[in-house]
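Next, two complexes with chain A in common: one pairs it with chain B, the other with chain C.
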Partner chain A sequence: MAKALANQPWRKANVARRLQIFVASLIPLPLVVLITITAHLNPILSFAGLFLPLQLIAASVVGYLAYGRRGVGDAVLVVLTFFFSAFVLILLLSVLSSVVIQGSRAISWQFISQNNVYVSPTTSLDYGGVGHAVVGTLLVVLLTTIAAVPLGLAMAIYLTQSQSKTRNLVRTFTQALSGLPSVVSGLFILSIIEATHIGRSGFTGALALFPLMLPTVARVAEEALKLVPVDLRYAALALGAPNYRAFFQVILPAAKSGLLTALLLGLARVVGETAPLILTMNPSSSTSLNPFNGGMTTLPTYIYNYLASSYETSQARAWGAALVLLILVGFLFGLARVLGKNKSIKSKASK
Partner chain B sequence: MTNLITSSSLRAENVSVWFGERQVLKDVNLVFPANQVTALIGPSGCGKSTFLRTLNRMHELIPGAGLAGAVYLDEQDIYSEAMDAVSVRIKVGMVFQKPNPFPTMSIKENILSGLKLSGRKIKDADQLVETSLRRASIWNEVKDRLSDQAISLSGGQQQRLCIARSLAMDPEVLLMDEPCSALDPGSTRRIEETISELAESMSIVIVTHNMQQAQRVSDQTAFFLAEEGMPGGVVEFGSTEQVFNGPIDQRTNDYVNGHFG
Partner chain C sequence: MSEPVQRRKLVAGPLSKGDKWFFRSTSIAAHFAFVLVALVLVFLLVRAWPVLQSQGLGFITGNTWSPDQKPIVLQLGPMLWGSILIAFVGILIATPMAVSMAYLIVFMLPKRLAKAFTTLVDLLAALPSVVIGLWGLLVFTPLAASWAEVLNKYLGWIPIFGVSNAENGFMSSPFIAGWIVAVMIVPIITSVTREIFSQLDKDLINGALALGGSRLSTFRKVILPTSSGGVVGGVLLGLGRAVGETVAIFYVLNLTMDINWAQLLEPHGGAVASWILARFGEASGTEKQGLMAAGLVLFVITLIINYLANFIVNRAQPWRKN
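For the complex of A and B:
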């Protein structure tokens, strides 16, 4: 101990109290498990209704014995923090693990690369795949992004850099738009399709996703630009910069990582959308590279169609597609992070 | 006082400033001769920082700001139709109270940023970087780390970097808005030495709350005051020697001797 102190002159944070309370909070666990099994209780109900109160009591008693009245409050907060963190983590992990476990049955290189032509509900998993839906998802999301990101960014610039009096109006409408149910957006585009007789295509799907992505990008980008200190803008202007150069050379680079977050949240908002695309796109089994004509399938609509089927192979395909979508989103996010890596982060960390 | 007005490089005539309906400055007349350091002193809220900003039109960034009067830079009114804010700011540099280097740029890029931001060509970048950093007396500290991020510097170094950034533009006038108020005594002393050296090639206007600093660095001093509910204005203007040691106005006397403000 003395040796460790010599090497590390700083004093360790006192974790003993939290550890004591944490251990105490686990004491009722065997009891709860026993009761749940013998009485055939719903495990989730018994954990929330039985384990949590028992945990609180056990930890409070230990806290009181060890530290008096203040120990009780400490114990309650520690138990609540751990319980709900664990609750959320377990939820997340169970969603992820069920997608990975169920999806891995169907997944293979052929499943990712082949399309759905000549696939019937009973076709074996060795044949056919979601390649067409991967291409469709990428094309539709790309089209939406091309339209929504520049416009959303422009809105954010308008909301943060101008002193116009209509800003509050624009901000209110943006907030209202972000509450738009996605199916309403789909119905709106559907009514346009019906009225104008333009054919359904990837493009009409992208149109339906556009009002969903735009407010997300605009609002997050606005927050990112707001975080840039006004000092930097003044510094740039005092050096004789016109407004546009001050923005592009100083404010934009400073807000880069926040703007990247705006893009990612925008992508996340639309990449899994199903309802508007079911309304505005015709499903297709073949791979289509033309988003302006003919049918096109995206991964969420593929999942929707196959999950409803009662055939086991179809359901396996749906789970496989869900896993592919998960991987695709992870890949897009990773790519964006690598491309947008802020070089100043390194020197900040080393400071 | 008359002997100070020789080769004026900057002159404010009857400058009044409003923010919306509220008048914050009334009829300010000051002359800033070439190669002289002028200190603007006065209690908080007297309008001296606002006045400083009218000298390079930075006050226009505040919504609702309005100005009457004129500011002459080499006999050219900077508020005339022929001048725009951008060309004024290229000639009249500014250093702010809080060091504000550009965080996404390296030390070198910060020095060159003024030229890039004002859309001018950079000739011999390395030489310009070295000269500017030397003039701000920070070259020896940063010469081996020019490509480091500017925010890795200490506060005092950042402020001298900001001075060097302004100097790279080769301004005719340098405005400083309490440049040392966030710095330690050592950094303050170095910046004061820098100011004295820079005065050989430009005129400097410095706002300060530090009476000793005003006496140490300036050749002439203007005392600003805003009476209760009234716009601010200049109470006394003259050589630093006179303002501090033999002020004519009683209010100046009270302020420089620490009786109020």
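For the complex of A and C:
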């Protein structure tokens, strides 16, 4: 990509052109704000019905003056692209900011550490918290990870290291699995629970998360293994190493950061899952360290339960738990990013 | 000519014992994907069979869900149609946003900003659906309801924006659920589209610009036609996700068995996945089997959509040959 950009001598002028057009397109903004306030128009209506058309016209005029007819096309595209993209960012920021703002009201050390025994929907926020849910989340996700990561890695190995004919079939089915709706995964484990009469516990919840985590890990791990130059493997094989030693001693170390990314993205995929856990686990308000017996609450199911009631303190608790969950997800996600960065540097060096 | 030297077989096979085990174990693990899909289908089918048998085709087309009636009637029609409707609205909203975002990232932003935007979009994908549901219920619904009110006021004469009673308050409608779904599928469509855009032949685009085309005409006549396959695939992947979305829709939609054909602002609708979640608490016996059947139907639908989507995406990305 960098190389392609270096071959575009006109690129700098283009950035200036787009900026020009974009700045010009903002000219109607004060006007529209003024009209909206003085005429008491609905802000949404004036934005969509007044500002956008005016913005398009202003940008087109500037584009035409500066660059002739093709400037108009440029202007329309620039305005529309910025508008829609800004919308995506606004939605994202709205989610993040509302969780952070509302969540920080509820959150405190006691909220993170205490569990939920003796707490009713109206109990003040000074008592009780999500401690049990944090523990539950970690335990359930850990159980899933123990099963899904080795298996996903093995699938990735099979897809990249072997020459078997069924690889495409396996890939198709992995993709099919990655489209599995989470609630169906819950129903699947529920049907097993009812068929075998094992009790609902943290373990069954972990089982329900397993089909969701597996394809993510397998897919990302496959991408990571593909990034390792095949010459490395050939060199190892040519030196007489058997395949498994070539893998464990050469390819695995080279792909380490990418595989960690696979693990983290898999974790991020399941840590926020709600529906399958509601179907397969009983909630509990006390801290439980035994995932094989009795109920367990995770952060998503905690949010789910509290959002069901309309009391203000309950909603505050839900926001608080959402913030804790978001921090957890953000932490995993950030870690995956940092490790992924190493990966891309390495792959560039290998090219 | 003398007897030819006996050739070694050119097919490379595992030579050492360790290798045999290495390949055998990974092969078993890999085929577990196969087993897992089959297991899900078989278990759900076994549990759902009595209901499917007793309800027949009406399970999909009918619109009565009364587990207390005798004989019991379980029909899923409005929920199925609701899922399709919401997914469709979600895609209509999400596709322009996602394609613009991909265009912005690939063709307009300087490299460093483009990376930052990619990260932001991926972050959106990582948000748990229960958090989106929470935000959707408490923050977004009042906002979207005011949008819906404006839409209804000025475009109410178009049937899809009409409502039977404007006093109902425009909450809990398929319109809002569609927006929530859009928020969740924008990252999927964006990442597929971005991938496709970034692999386009730059000479094609530069050529079009050199011939005097504007950015708009280049986008419409060069970029879109060459990448449309991939974009459609990305949209289908989003559709698969939208159909299976459970918790977020459960919060923002009023689920009723009263079918809502296409009145987007009417405060009721349906979604199969959310229906399963909503009924699960009280369900027992036959109704639970009915929910399993609903799950089976949902799974089969997403399987088909995903298969199509992956087929199209893979065909649109020939450079990703394995």
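Points to keep in mind about this one:
Note that in this section the second predicted complex is superposed on the first by the 281 of 351 C-alpha atoms of A that agree within 3 Å, B and C clash if a C-alpha of one lies under 4 Å from a C-alpha of the other, contacts with A are read in each partner's own complex, and residues count from 1 in each chain.
Everything that follows uses one rule, which is that contacts are C-beta pairs under 8 Å (C-beta built on N, C-alpha and C of every residue); 3 or more make two chains touch, one makes a residue touch a chain.
Computed from a predicted structure; not experimentally measured.
In the superposition on chain A, contact is made by A:Q163 with both chain B and chain C.
With both complexes placed on chain A, chain A has more residues touched by C than by the other of chain B and chain C. With both structures placed on the common chain, the touch criterion links A:A238 to chain B but leaves chain C unconnected. Looking at the shared chain after the overlay, A:P229 reaches chain B, while chain C stays out of its contact range. Using the contact criterion defined above for the overlaid structures, shared-chain residue A:L77 touches chain C, although it does not reach chain B. In the superposition on chain A, A:V250 makes contact with chain B only, not with chain C.
After overlaying the two complexes on the shared chain, residue contacts for A:V99 are found with chain C alone; chain B is out of touch.
Residues 163, 242, 245 of chain A lie in contact with chain B in one complex and with chain C in the other.
Those residues of chain B lying in contact with chain A across their complex are 56, 58, 61, 63, 86-87, 89-90, 93-94, 96, 98, 100-105, 113-114, 116-119, 148-149, 151-152, 162, 165-166, 169.
Put simply, chain A touches chain B in their complex at residues 163, 229, 231-232, 234-242, 245-246, 249-250, 253-254, 256, 342, 344, 347-348, 350-351.
Those residues of chain A that touch chain C in the complex are listed here as 1-2, 4-5, 7-8, 15, 18, 42, 44-45, 69-74, 76-78, 80-85, 87-89, 91-92, 94-95, 98-99, 102, 150-151, 154-155, 157-159, 161-164, 166-185, 187-188, 190-192, 194-195, 211, 214-215, 218, 226, 242-245, 247, 268, 271-275, 278-279, 300, 303-304, 307, 315, 318-319, 322, 325-326, 329-330, 333, 337.
Interface of chain C with chain A (complex): residues 12, 14-16, 18-19, 21-23, 25-27, 29-34, 36-37, 39-40, 43-44, 46-47, 96-101, 103-104, 108, 110-111, 117, 119-124, 126-135, 137-140, 146-147, 150, 154, 183, 186, 190, 198, 202, 206, 212-217, 219, 237, 240-241, 243-247, 251, 273, 276-277, 280, 288, 291-292, 295-296, 298-299, 302-303, 305-307, 310, 322.
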